[in-house]
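In structure tokens below, several structures.
The following pair of complexes shares a single chain, chain A, combined with chain B in the former and chain C in the latter.
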Partner chain A sequence: MRSGLKSDIFEKFSALAGSISNSEVEGWKQQGGKVIGYTCSFVPEELFVAAGLMPFRIRATGSLSAGRADDYFEAANICSLVRHCFNKILTGEYEFIDGCVIGGGCDANRHILDNWEKSEARIPFLHRIFFPHSSGILMAQNFRNQLENLKQLLEEHFGLKITDDKLRDAIVLCNEIRDLQKAIYALRKVDNPPITASETIALVVAGYSMPKEAYKADLTQLLEELRGVTVPENKKTVRLMVVGPGHDEPTLCDIIETMGGTVVTDLTCYGGKTLFGSVREADPDPLQALADYQVIDRPLCPKNLDAHPIINREVMDKIKEYRVDGIIGQSYLCCETWGGELFVLQKELKEAGIPMLRIEREYTSDSLGQVQTRVQAFIETISGGLL
Partner chain B sequence: MVVAGIDIGSTTGKAVIMIDDKIILGKIIMASIKPAQTARLAIEAALENAGLTAQDELQYIVSTGYGRLKVDFGNENISEISCHAKGAFHTDPEVRTIIDIGGQDCKAISLSAKGVVLGFEMNERCAAGTGRFFQVMAKVLACGLEGIGSPSNISPTAATISNQCSVFAESEIISLVNNDVPLPDIITGINRAVASRVSGLVRRAGLADKVVITGGCYGNEGLVNALEQALGLKVNRLPVNPQFMGALGAAVFAMEKFRAKTTETQINMEGAK
Partner chain C sequence: MINIFSQLMMEANKSLYGLTIDPQNASKGPVVLGNGDFFIEIPVAFGCAFSDLTLTGANGTALPTAAELIDKGIETGVGSRMCNAIKVASYYLEAGLISKPDMIITSNSCCDSMTTLGILMNGYKPWADVPKFTMDAPHSFDEESYLYFGHQLRNAVTFMETVTGRKMDWDRLREVCVESNKQRQLLLEFQELKKAVPCPTEPDLARQGTEYTTWTSDRVTPTVTAWLEQLVTATEQRVKEGKGIDGVNEKVRFLWQDLAGSWASGTVLARLQKELGAVCLMDYVSYATWTPIDLSSEETMFTSFGKRFLLEDAMNRQALHTADLFCNDILQIVKEFKCDAVIMPAHIGHRDTNSRMKIVRDLCREHGIPCLVLGMDIWDKRYMTPEVVFDRMKTFFEVSGLI
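Up next is the complex of A and B:
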């Protein structure tokens, strides 16, 4: 769903988010640049940026089938997003990447590497990184050691040197990007946000799909444009927040906004969950700064044994900050990590008097008829028929 | 004031006309593959029952059901959850829990003393616990839906149906038939399996007395019996055909909306004077 804003930047972001390979990737490769794929928001992009590689977050945009992946995942309860991502890998849509780092945040995700190694899809560099499943200093040290190992492997494979200065520069760049994204998110606190939810998804997904310097320049220009937008006159709407794993395609948010809701913020893996604080910039050990950020400062993933109170607090804070009327907790079929988390969250929100709708769905956007009914009923329930 | 509510479900289409506070039910129309066509047939049947001749006489139309967005002659659409709640509460203000089992989904709705929806749950896209599940089982057992719902087929020695998936449950039932398990035991097992699944939805939505059942499965005595056992509460039937509850709720909404619109127009006209 579009806001009506005329912007070349938005057009570009929508095009980038609507496909896998794109003109930005092609331009980068034509100049001799290498692209490294990765899964999961806990893999620090800063390491790749410091290496001069273009990070590209694996997603399944446009996927209508996981048929090839099911040959591998058939016997397991593997979430829909992971199966569709792996299907894209098997069907050759990620042939442009020169390597991939698989985040071992959840079991489903880590199995991408197991199956990739057994498949006919070739990749010159494939590595798995394990995330600690709780926060704390010892866990951050463990994660730092894994980042050190990954750094060495990248240096050896790609024949380059990742210096501390380069790492610190990459941290500054990625912090600046996060700050710009946060500033754009904050524009949705007003009664009639200047951008829609699907435009916001395009905005963040584009960031995973193009070189970072160029993305920062585009975001800067977009923020200026958005600050100059005159919002339309007030209309009655139900302000909603989406919580759950990554969703890179806009169908669910379009349904919500077509049915009279407005998605004003989110805590999802491609979006709001990545916009949490900043990485320390002048640290003498930049790898430790990255590890501390992911393990101690941003333990927002339900894979962590101690994450629940932090997720709950973050949701509650955002409810106040963005004046949220209700939560839509969406997860994919067989996503154990978020499925369990949302169940507990719903109970706690109910006690706090905050309505929450849980949706468990397939990744493919053509199975959303029943979701539409539930979303509509949820919005009707909150609005009390006032819309 | 003359308004209508239309409920286009996956299996049937229903329409209700309200002339002021008088309720006129239409007929159950078997759904075609084109929801708009089903809606037209449903509204024509209701117009006939109401003694009206033309759709133009309807001053406001609300559509609901899975085909609600395809009703091209309605004023607006409202979800079936809100409409079932509205219809059931309008029929019996003591209702606090609604179990709606339709052709392709089942819902549990919890209501406040003022008829406000407090919570709802729906089955995911699986057909288990829906009318479709009963249709498949009735075909396997060659007993018709009447056989599945007959009180004479309620057995104290129910077979265990462990599989909730319609497809796998079908093969499980074929095995039971081949092992000469008595038909009432199998049927009671089927109804208990569905009741077990539905009762989970009901508890998640919020269970409170008075419980009613709406939708096409309301006449299944075996299911109602199994639900009462699973929930520990009486499952009541409404005095108006429960299969029309979605359409009735839509009609009540239509009346409320039209009255509000008329009042607003009058206020504006008086203000202009």
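Up next is the complex of A and C:
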């Protein structure tokens, strides 16, 4: 759904988020730039930015079938996000990337690497890093070592040097971008937000699909435009928050908003989960700063056995800050870690008197039709039938 | 007639399936509850009872009430496609059937389902005050990884000491490790004997023996060592006599590259053996690659522990790591055990194997090894019934010209 704001930047973001390759990527490549793909939010983009590479987060926008990937991943038992993304890889939609780093978070995701390496779509630079399953100094050191190794491999393969200074500059740039995104998210705290959930998704997804400096400039301008918007008079709505994995396309939010709800914030892998705090900027060891951020400060992924209290705290804080009336806990079928996390969260929310609707779904938007009735019933229950 | 092998099988089964769902056992001291494997030598030496809630759930699926327990697990709402062993464990947990442990030690061990069970245990409100320790099992197998995981096991000991106020008796730990080394050596010897043609013993014995030795609490004892010694002696005798499994006319030798599951071993595999002469030579649990724990110093001990956990525990070896290791093992097993075919049960909970199907199929095609992918549920026989599994395997053997 669209807000009333007419903005060229919105148009641009929504075009970038609605396709895989795009004009920004093409422009970058025409100037001799290289693009590096990656699959999980804990793979630090800062490392790629410092290397002068354009990070591009792998997604499966517009995918209608996972047919070819289903030869590799058993369709009934593997999450559709993985299968659809890999299908895009096999069908050549990611031909523009020059390398890829797989974030080996879950059992399905990490095997993208094995399958890719053995497929005809194989590319010369493929690597995998693993996010630790618990948080602590030892784990952060382990993750740092993995980043050091990745840094060396990038240097060797692309013939470049990633200095500490470049890393610190990249950290500053990515922190600034995060701050701008946070500022835009914060605009949704008001009664009638100037930006819809779909526009917010497009905004964050665009950030994973274009060069960072240009993105920062666009965000700065958009924030200014949004601050100038006069919010139309209040309409009664149910304020909702989406929690779960993935969430790089707007259909679910559109359904919610058509049914009279307003998605005011989220804790998902493409959105709210990535906007946590900041990476230390002046650390003598910038790799350690990146590792500490991911492993100790921001373990917001349930594959980490220590993550739950932090996820819970984040959800509860956001409920207060954004005056959330209810939670939509969405996960993909066969996603076990998020399945467990949402199960625990739902019980805690119930105790706190906060309603949660649990949705298990497929990645493709055409599977969401059946979700509509449940969303409608959920919104009606919360609003007491007043909407 | 009950022969020595049946006797040994009964003993192991009694110990494995006789485990109650309640880990509290005052006589064994403080209770450590895990969401999967820990490192059995440590709690044994520490004088703790260790209970693995995943194993408890899996054992539940072997009960006559399995279907009911699985359905109750589904009703808890813990994800519709979750492994059924974990669904049962979740039900036990949610229904308050598991007594409060003295501490909880979790790790990602070998699958996402176990991680999920760890999330449930760590987030279980009535146990909010139970001290918890989490470990990260890396998906890599090199010296650095062994050191890393060994370091965490060392920290787990400190954690146990803090919780209980007791001290680890390091001499006792060495003693337990000596016993453990002896047992793993016996498992290796048994594995060597099992390579004979025809296969000298019930294949289930290898699995039971491995589980008996490595998974159940308090098992690193002379009782288990004696059990293994009897197994090796009796098997040696069989090999000398050139005899195969009683009543089996061996025609096909196959690798079952997954867990045997709570119903498959008792029904399908036994029937295949008896009716078709198709013998399961190896499975996901039994593959023994043990090396001795290096007892020269505390550090070498813990590094060895790391290696055992990450690389030598057959399930972790198959599930945690790369497709290359998985494939090399398949080829190695097929060669060493003279297997005629590979069966990939592709248990629904095993996202790792379900993500490597094409790789395995291609590998087998390339090496001329007949391969069948089933796509079954090793814990819930309603998903693909034993009859269907039997028929599919029979047809596969026929079509491949093996029977």
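In this section, the second predicted complex is superposed on the first by the 385 of 387 C-alpha atoms of A that agree within 3 Å, B and C clash if a C-alpha of one lies under 4 Å from a C-alpha of the other, contacts with A are read in each partner's own complex, and residues count from 1 in each chain.
Basically, contacts are C-beta pairs under 8 Å (C-beta built on N, C-alpha and C of every residue); 3 or more make two chains touch, one makes a residue touch a chain.
What you see is a predicted model; the values in this text were computed from it and never measured.
Look at A:108: by the touch rule set out above, it reaches chain C but stays clear of chain B. Touched residues of chain A were counted for both chain B and chain C, and C has more of them.
Once the two complexes are overlaid on the shared chain, A:216 sits clear of chain B and of chain C alike. When the two complexes are overlaid on their common chain A, residue A:384 makes contact with chain B while staying clear of chain C. In the superposed model, A:29 lies in contact with neither chain B nor chain C. Shared-chain residue A:360: touches chain B and chain C both. When both complexes are overlaid on chain A, the residue A:376 reaches chain B alone and has no touch with chain C. Contact with neither chain B nor chain C is seen for A:151 once the two complexes are overlaid on the shared chain.
Taken together, the two complexes place residues 333, 360 of chain A in contact with chain B and also with chain C.
Those residues of chain A that touch chain C in the shared complex are 71-74, 76-78, 82, 104, 106-108, 110-111, 114-115, 118, 130, 132-134, 138-139, 142, 145, 302-303, 305-306, 308, 331, 333-337, 339-341, 343-344, 346-348, 351, 358, 360. Against chain A, the residues of chain C that register as touching in their complex are 76-83, 86, 90, 106-108, 111-113, 115-120, 122-125, 134-140, 144, 148, 151-152, 155, 319, 322-324, 346, 348-352, 354-359, 362, 375.
Every residue of chain B that touches chain A in the complex is listed here, in rising order: 66, 78-82, 105, 116-117, 120, 122, 124-125, 253.
Per the touch definition, chain A reaches chain B in the complex via residues 333, 360, 367, 369-370, 373-374, 376-377, 380-381, 384-385.
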